[in-house]
Every structure is written in C-alpha cells, then in structure tokens.
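Next, two complexes with chain A in common: one pairs it with chain B, the other with chain C.
And now, the complex of A and B:
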C-alpha cells in the first residue's frame, strides 16, 4: 500500500491560509449590490468611530434654546430639551452599530451551531431541534421583548445594552438556524461528504470544517440579515420604552422625538435624521445580504452577452 | 384526498408548542429576579383600596407565586384557571378581568393581521414576479429599490408620518378608533364601511412595511426558475410567454408559501406596534398602557392569547399547504 496516501491526509489537516479569508471579501466586491452595501456600511462605521471623539457639542447637555430649526451653529437644530441633534446623531451611531453587529455575530454563531448539528444529526434529534427552532420562529419577538422589559421595569431596572443584545439574540437566531438546517440537509447527501466519512473523518470535523466551508456565502448573508434584525429590534426596544432611555443611540432619539410629538409640532429635524440613518444602515445590510445571496447562487447574477452578438461561443463576462 | 397523517403530525406539533408557550408564561415571572409578583400584588392592593375581595387576593397570591405553595401546586392551579378562561384581573383597568379586555381587543387585531398579511402576500408576489421576469431592466431596479427601502425604514416612524400627513394635517382619515361612534355595532352596512374606513391607514402602513420581503423573495425565487430547463422546453413547445411565466411563477411561489406561516409571528409584532400608534383598539394599544402601568396580568394575557392565535394561524396555513403541495402530502404518508 502506498504510504504517501496516509502521509498526505490533508482532509483532516487543512492548513490555515490567509487567502481563504481574503478571497470571500474579494468576491464580495465583484458584486455591485454587495459593493454598494459595503461602501455604505464602511462609511457608517467610520461615522460611528469619529462620533465617539469629535462631536461638535456635548450630546448629553441641555445647554441651548429648545426647538431651534437647523442653522449654521446647529446643522440639525436642537431638541425640545435644548440638545444638539447632530451631536446626538453623531455620538449615537456607534452604540447602534455595536448592538446590530453583536446581535448579528452572536445570533449567527448560535444558528450555525444549532442549524448544522440539526441538519447533520440523527433523524430523531433533527426533529426535536426543528421543533425548538419552530417555537422560536413562531413566538412574536415584540411580545417577548415587552414581557422581559416590563419585568425588568418592575424591579426598577431598564434594559441596558447587554440585556437588549441578549433578548434580541434569543428572539432572532431561529431564522438563520432554519436556513442552515435545510441547506445542511441537502449538502449532507453529496458525494464529498460521503467520501470524507469513508476516509474516517469525524462527524464533528465534517460539520464544522467541510459544511461551514460549503455554506460560507449563506453564513455571511445570514449575518447581515440578523444584524438587520438587531438594529430594528433596538429601535423596537427603545420605542416600547423598556430600554435605558438615558443612553444615546438612534433608538432612544426616536423615542424622545416621538414622545414629545415631534411629528405633530413640526420638529422634523429631530425625528427624520435618526429615521433616515437607521434606514440607510438597514439598507446597506439588505444590499450586502442580497449581494451575498447572488454570490452563493450564481443563477441570480447578471451577465453580459456582448460577445454572443458577434457570433462567438457563449462566453459570459460578469458585470 | 385528505392527508390525515400530515394533519395529525402538524396537530401534535401544535399541541407541543402550545404547551411550551403556556409553561413559559408560567415560568417567566418566577424566573426574573426581584419578584415582579410583589409589584403586582402591591399595585392591586393600592388600586382597590380597602374594597379588594379577600378571595381575589388569595387567588392572586396563587397566580403569582406569592403563596408558599410548592411549585407544582401553583402550576396545576395556573392550568386550571386557564382552562376556565380565567386570566386574572387587570391593574390598569382595575375591576375588569383580562379575559373580557382581550375578547374586545383581539378580534380587531386579528382583522388587521389577516387582512394586511393576505393583501401584502398577493401584491408582493405579483410585484416580485414582474420584477423577476423583467430582470435587469429599469423597472426591476425601481421595484427592488422600493422594496429594499420599505424593508429598511423603521416601521413605526412611517406610521407616525402617515398619521401626520393623512389624519392630522389633511383629515382624510380618522385619527383613532376602529369605527365611528354613530354606527351600531353588528353586521350592517354602515358599520362595515366605517370599520374599513378606520382601518384603511393602519392596514396600508403594515402592507407598505411588510411587502418588501415578499417582493425580493419572489424575485429571487423566480429568476432560477425562468432560467431552468423545463422553461426552455416549454418555450420550444411553443407555449405563449404568459403561459410560461405562469409555470415559472407556480414553482417559485412554493418557498414563499412555506414562509407565509412563519411570517405570521413577524406580522403580529408589526401590527401590535402600529395599533398603538393609530390608537386602534386592538391588543397593541392595551399593551402600551400595560407596559406603562406594569400591568402584568394583562401583559401575560396578551402574550398567551396572541401566541395561541398565531399558533392556530400557523396550523391552518400548514394544513392548507398540505393540500396545495403534493410532495408534502406524500411525505406525511
């Protein structure tokens, strides 16, 4: 028997290559939607980081006349309480982003773990885990947030960032888990998994090396979806008034604007900027989510048929 | 042919989830540190003054685990109360039992949820079909951008803006309520017209915020179908363009149909938020009051009833799905 065959059992020891991380990022930039989303999101992150250091005024202080319309001194005017809206918007970007990203990362990790194990496990375990996933999918998230939040209010605590992230992860991981489970079910039937099993690779290693590699674009796409849920969820938590309303983020800004009826009194510069910033952030998440879908599923991509017109062979160039 | 086995399987799953939700509702107030039950107890005593019925206080103690009875006795008591439709007494609307508040509010919420989810599903799928068939055109881009923007704009801010423009400023639509006070409640024409008129703005807002997901999902489902072999085959057979599109559409709608039952929970979340903004007398309006006044019996009642409604909705949709998709029927047999 050829001993080299055993020396080169590379399946169990795939060397870590920096390239493998960089390559998906490069692919990300080949897709127009993903590229647009990536640029917007990068801009948002830079905005958020700068906002921690360079706010024009102290976002917490009530030091100006209330309800001033936008002017040179105050680009976005002031609130009823006399805070500078732009400073709040600038300063509140980082916490908003951080909540969105944390929910995205933690939620995706949980859903990868649960989804892939369910898809690759025995039939009985699969049906149990599917049942659990369905329970979490069915229960409306707002109801759980409201119950938890009001219990916390009852003991004179409001949901800080950590409890908020926790409850959003609890209500938000199941969507991804469902996707991963069904994809894993189909991938587990393919030949390369069978061959790995025949060689003797452990199930754990197949699950978390082979399958994760195969569904990587879906994972990234799901991360952006969950991050979107996290951002939206933060605004829900704050809107319901169960969050810590002294913190400054785009959710609490909306809460104060709405509770002072900024939409009725014509203070549009108070309610619209945070709404549009949230909307732009979510928009970038959606773009990235769809871009990754197109990368994972080539039939959705758009192609140019220029060469075809000249009578050449069907040669597609990606646009 | 009725897929008995499939229906049986779905019903079992329904009962399991229902039981889990009921138990969760029992456990949550007992798991949170600081004993929210104490808060309820004190609030009731304060609200009712000296006139609180001792029997009621005793029952409250049992319900909220203030009693020193062991956990399983409390649990059995809780289940028994539930079977009798006894959800406790609201604090914010003091002498009124939670069950009577819910029986007034829940029908309006269900009406909003069902109407908006069905309309949104149909319009969303048609728009997505149109975008997917005409893909990479300017119309497709417009529809995509519209859907993405609608899916990303905070739903409650949109509701406030709609309320401001169409109710407060121009007065085209009423500011709140589910029907005007001048009509008799019942199955008569003026009442139905008034109810539709009052619900128009909330339903429109919910449709606008929930349509994006259907459009984009449908578009991405139909594109691989349009490019697939059986479509080229149909083209070669000489079928009309419209017929071919219909075939692709039928195949592409299946994932969205599965998503339909899952989306009920999400839509309910949205509707609850919208109701509080449009002062629509559904569950959502009571929920905001309940949070403000820490009305735990009402909150728990809302939690339970809404989940039961969502579960029943899921079961119905799943069973209907079994009739639509022959593959699922077979799987169950």
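And now, the complex of A and C:
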C-alpha cells in the first residue's frame, strides 16, 4: 500500500543529496548573527575577486599628486607617494583573504589528521602526540615569522606569501589538534564506535565515515578560528615590515601608512580603510562562529517565535 | 564440545587516585562459563556485578588480566588484532542502550550495509538488507531503510541493531541487557525475536540481564554473578524454584511481582 510513496522517494534521490549542503546552511542562516557574518564574508570575497580585475588605477604606480584627500577622482584619496588608496585597498583584499583561508584550510586539515589519530590511537601514541601538540602550542607564531623575515631580509630576499602561509600553518594547527583530540577521545568510547569495531570496520574507515562526521561543526568552527589567526598573522607580519613590502595587501598598506606617520599628518583616508576592512573581516569570522556553535549544539539554538506559530519549527527541532 | 568456554577468567581494573595511590577493582574473579551450540544461557546479577565486563571481555573490547578464553576448544586469549577481527566474525554483541549504539549521522540502510560489505557478502546486498529487516520484523523494509536513528523508537532501534549484528552472520550473540531501556510491552517482542533467531539461525545466545523475570522466559541455563564471581549455575527453572545461594534468594525476592506490596 505504501509502495508508491517509496518509489517516488527513490526517484528524488539527487535533490536529497543537494539538500545535505543546503540544510546546514539554512540552519546557519536562521541565526541573525551568522546571517550577518555570512553576508559580510561573501561581500568580502566578491570584493577581493573583483579587485583582481578592475581597479580604478594601477595600485602600484606613483602617478598622482601625493596626500590628496578623498574626492570624486580618488574615492579614498592618495598616499604620500601619490598612489590611489582605493585601488590599493581593492587590489590588496584578495591576498589577505587568500592567506587567511589557506592557513585556515591547511591548518585545519593538519589538526584533523593529527588530533583524530591521536585521540583514536593507542594510549602510548596518544601521549606522545599530545606532547608534540603541546610543544607546538607554545611556539609564538608571529615571533617565529619575524625571525624568518629578518633572516630573509638579511640575505636580501623577501618573504613571499608561501613561506608566510607555511609558518602560520606550522604555528597555528596545534590548537585545533588539541580540541579534536579531546573530542575524539570522548566519541571513541561511545557505543556506536565500539559497535563498528565489533563488526570489523578498520580504524581508518571509522575515522573518516563516523568520527569526522560527528565532529563536523567543530571542524568548521576551528576553520574560522585558524583563518582568523592566518589573516591576523599576515597583517601583523606585514605591519611590522618583515614581509615583502612591494606586495600589496592590507598589512603592507598599514605598514606604509604608519611608517609615514599618516596618523600625525592627518591622512586618515590612508590609515583607516585597511584597519576598518580587517576589523570587519575578523568580525564576520566571529559572527559565523557563533552560528556554528548553534549548529553543533542544539541547546544553544533559539527559535523564532513567528516561525513557531506558522508551524515551521519542526525543521529546526529535529536534533 | 563447547562453543565458547572461559577458564578462571579475571579482570582487574586499576584506578589511580592521585599520583602514587592506586586502587585495584576486581571486576571478574575466576569466572568459568560454558556455552554450547544452539544454547541460550543467561547471566544474572545486580549492577556492578561484572556482567558487562564479562561481555566486553568475551568480544575483546577488554583484555583479561588472567585466565583463558576457548573458542571451539582453541585458546584465543592471546590473539592479536588481525586474528581478533576474524574471531569477531563469529561473535557479536548487542548493547544495552539502543539510543547510543546507532550512529546518529547514518541511515538504517548504512548500518546494515557496512557489515555486509565487510564480510564480502556474495549475493545481492540490496535484497539481503530487506531480508534482514524482515527478519527483525521491521515491515515494510523500504519504509525504514532511509530513516535516521532519531526517527525511530527504542524498540525499532534495537531491532535495527539486531539486524546489523545478524548481517555479520555470527555463531554467538551476546545480548547485554538488550531490553532494559525499553518499555515492558516492547520487551516481549525483542525477547521473542531473540528466541526466534536462536531457533531459525541456530545461534548461541548469551543473554545478560539484571531482570529475573525475563531471564526465566527464554533461557535454558543461567549463571548468577555477584561481585565478579559466579555464585550459582544450572538449569533456569531449578534455580528459580530452589535457589541454594543466599544472594540468589535475595535476587529472586527483589524481582518485581505485581501481586506484592511493599
């Protein structure tokens, strides 16, 4: 009697898979903070991509009069050297975002791998890996980059983006690994993992099929934290002047602005925009993280009263 | 010839208290049990008497401190990971809490498909899943296949779990308090299912419980455990009618009886 119903359902299999991506996003976007974060971040990414193709002027050329205040020709004025500030801001968005995201992605991958295998391995391996994680946890990342940067300056080479990303990843993965290790330790003792071991699943398969899925919200949240660390790290390094100063990103903009005492000579249009953009970017990461908390922990979810009356609530109370 | 046998099996947990102090907790103390083919035995005891430890030791989730385990009269106590995997194809365990033993992120279908893939099932896996779901009386199977555990009731979850263990085609099934989390009306269904499985598939079942009522319904023989020791063993009906050990008498008196008032 129910058979027709099920046949229809199996036909709709492809949209069901598509749903798996859409549904968490929907939960994420019911939260106003996360929605704001998502919109800001998407805006930033579009801003960064557009900046690579259309800048009003060449961001690197010294072709205008210096220290011009904002006008129609130059929305954000010019620098002391006569560069267009808006072009620099526009063009410098992509590298800043890219470094942040690649540090986030690579760092999260390493911490997933190390953290989960430590939490799921034998006790002895666990304590060894925990020791290693703890050592990496206390390495101060920015100091290490300054050290490398000064070395590169000393041999008259500049620190490119790739070494910066590498160093930030090396110093930034440990925090996430530590988190994943403790969560894995608790999940590995639950009955559904023991059951998989009994039916003969390999440890690798349990890790990929079950544990990673169980801790997925934490992984996303950790990604945003690491990406934040990456963006901050890049900005800080460039601001301190140990990076390659010919590259244009928000960090180097700050470096030149502060080196030319923009805050004393009243060139606010030079120093404020990059600081503002960096703060907004950080802010969007933090807002998204709040939303992720609510995906991972249903008890934090607050329900919209209006939706309650309509009866839509079932969609969000499932867990 | 016995299928599964333990010989002076002991398990001591060391719990650390501070840096230097440690305390030994004897969970199993020279336990000797024997399971014959096509037999349904019960292990009864109060909580903390070591029943679950015994179950987990038998499937090598714990290593015994001393003593031996024999499977088909072969000593398997010292088996390492590869051989344990092979051994586990013969012995499966049903957990106490059906709300924790199914992965919340996967569907019913996945839970039954994985063991079939792992034992390299020769026939049509799709049909086999339906067959297993039918066997545990989840009808129609298509209705349940795409459900997630949180969409099922406790009894249905326990059935799904039973189907998962049966997919491995084991010779022995250890049921560790499989009905203690379920309400009374569902209990009988699951117990009937266990009995039916024993009769149809020729499995041997170790039924672990604290509940003397259910144990007397289905088991052939029982072992009574107290503080990690076997205090009494024998035919179920004999023991329930004429308990010799003081602890068994206590257990029988404590069993709920609708006609008794405190």
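Criterion: the second predicted complex is superposed on the first by the 278 of 319 C-alpha atoms of A that agree within 3 Å, B and C clash if a C-alpha of one lies under 4 Å from a C-alpha of the other, contacts with A are read in each partner's own complex, and residues count from 1 in each chain.
One rule holds in what follows: contacts are C-beta pairs under 8 Å (C-beta built on N, C-alpha and C of every residue); 3 or more make two chains touch, one makes a residue touch a chain.
Just so it is clear, the structure is predicted and the values come from calculations on it, not from any experiment.
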Exercise for the section: Have a look at where A:191 lands relative to chain B and chain C in the superposition and call it first, second, both or neither. Expected result: second
Exercise for the section: Once the structures are superposed on A, label A:135 by its partner contacts, choosing first (chain B), second (chain C), both or neither. Expected result: first
Completion exercise
Comparing chain B and chain C in the superposed model, the one touching more of chain A is B
Practice task
For A:210, decide between first (touching chain B), second (touching chain C), both and neither.
Solution key: second
Handout entry: Touched partner set for A:61, first chain B, second chain C, both or neither
Key = neither
Completion exercise
The intersection of the chain A residues contacting chain B with those contacting chain C is none
Fill in the blank from the handout: In their shared complex, chain A is touched by residues of chain B numbered 13, 16-17, 20-21, 28-29, 32-36, 39-40, 135-136, 148-149, 151-154, 156-157, 160-161, 163-164, 168, 216, 220, 223-224, 227, 262, 264-266, 268-269, 272-273, 287-288, 290-292, 294, 296, 299-300, 302-303, 306-307, 310-311, 314
Fill in the blank from the handout: Per the touch rule above, chain C residues touching chain A in the complex are 59, 61, 85, 88-89, 92-93, 95, 97, 100-106, 114-115, 118-119, 140, 142-143, 146, 150, 161, 164-165, 167-168
Problem - Of all residues in chain A, those that touch chain B in their complex - result: 131, 134-135, 137-143, 146-155, 157, 178, 228, 232, 235-236, 239-242, 254, 258, 263-264, 271, 275, 278-283, 285-287, 290, 293, 297, 299-300, 302
Exercise for the section: Note which residues of chain A are touching chain C in the complex, please. Expected result: 2-3, 6, 9, 190-192, 194-201, 209-210, 213-214, 318-319
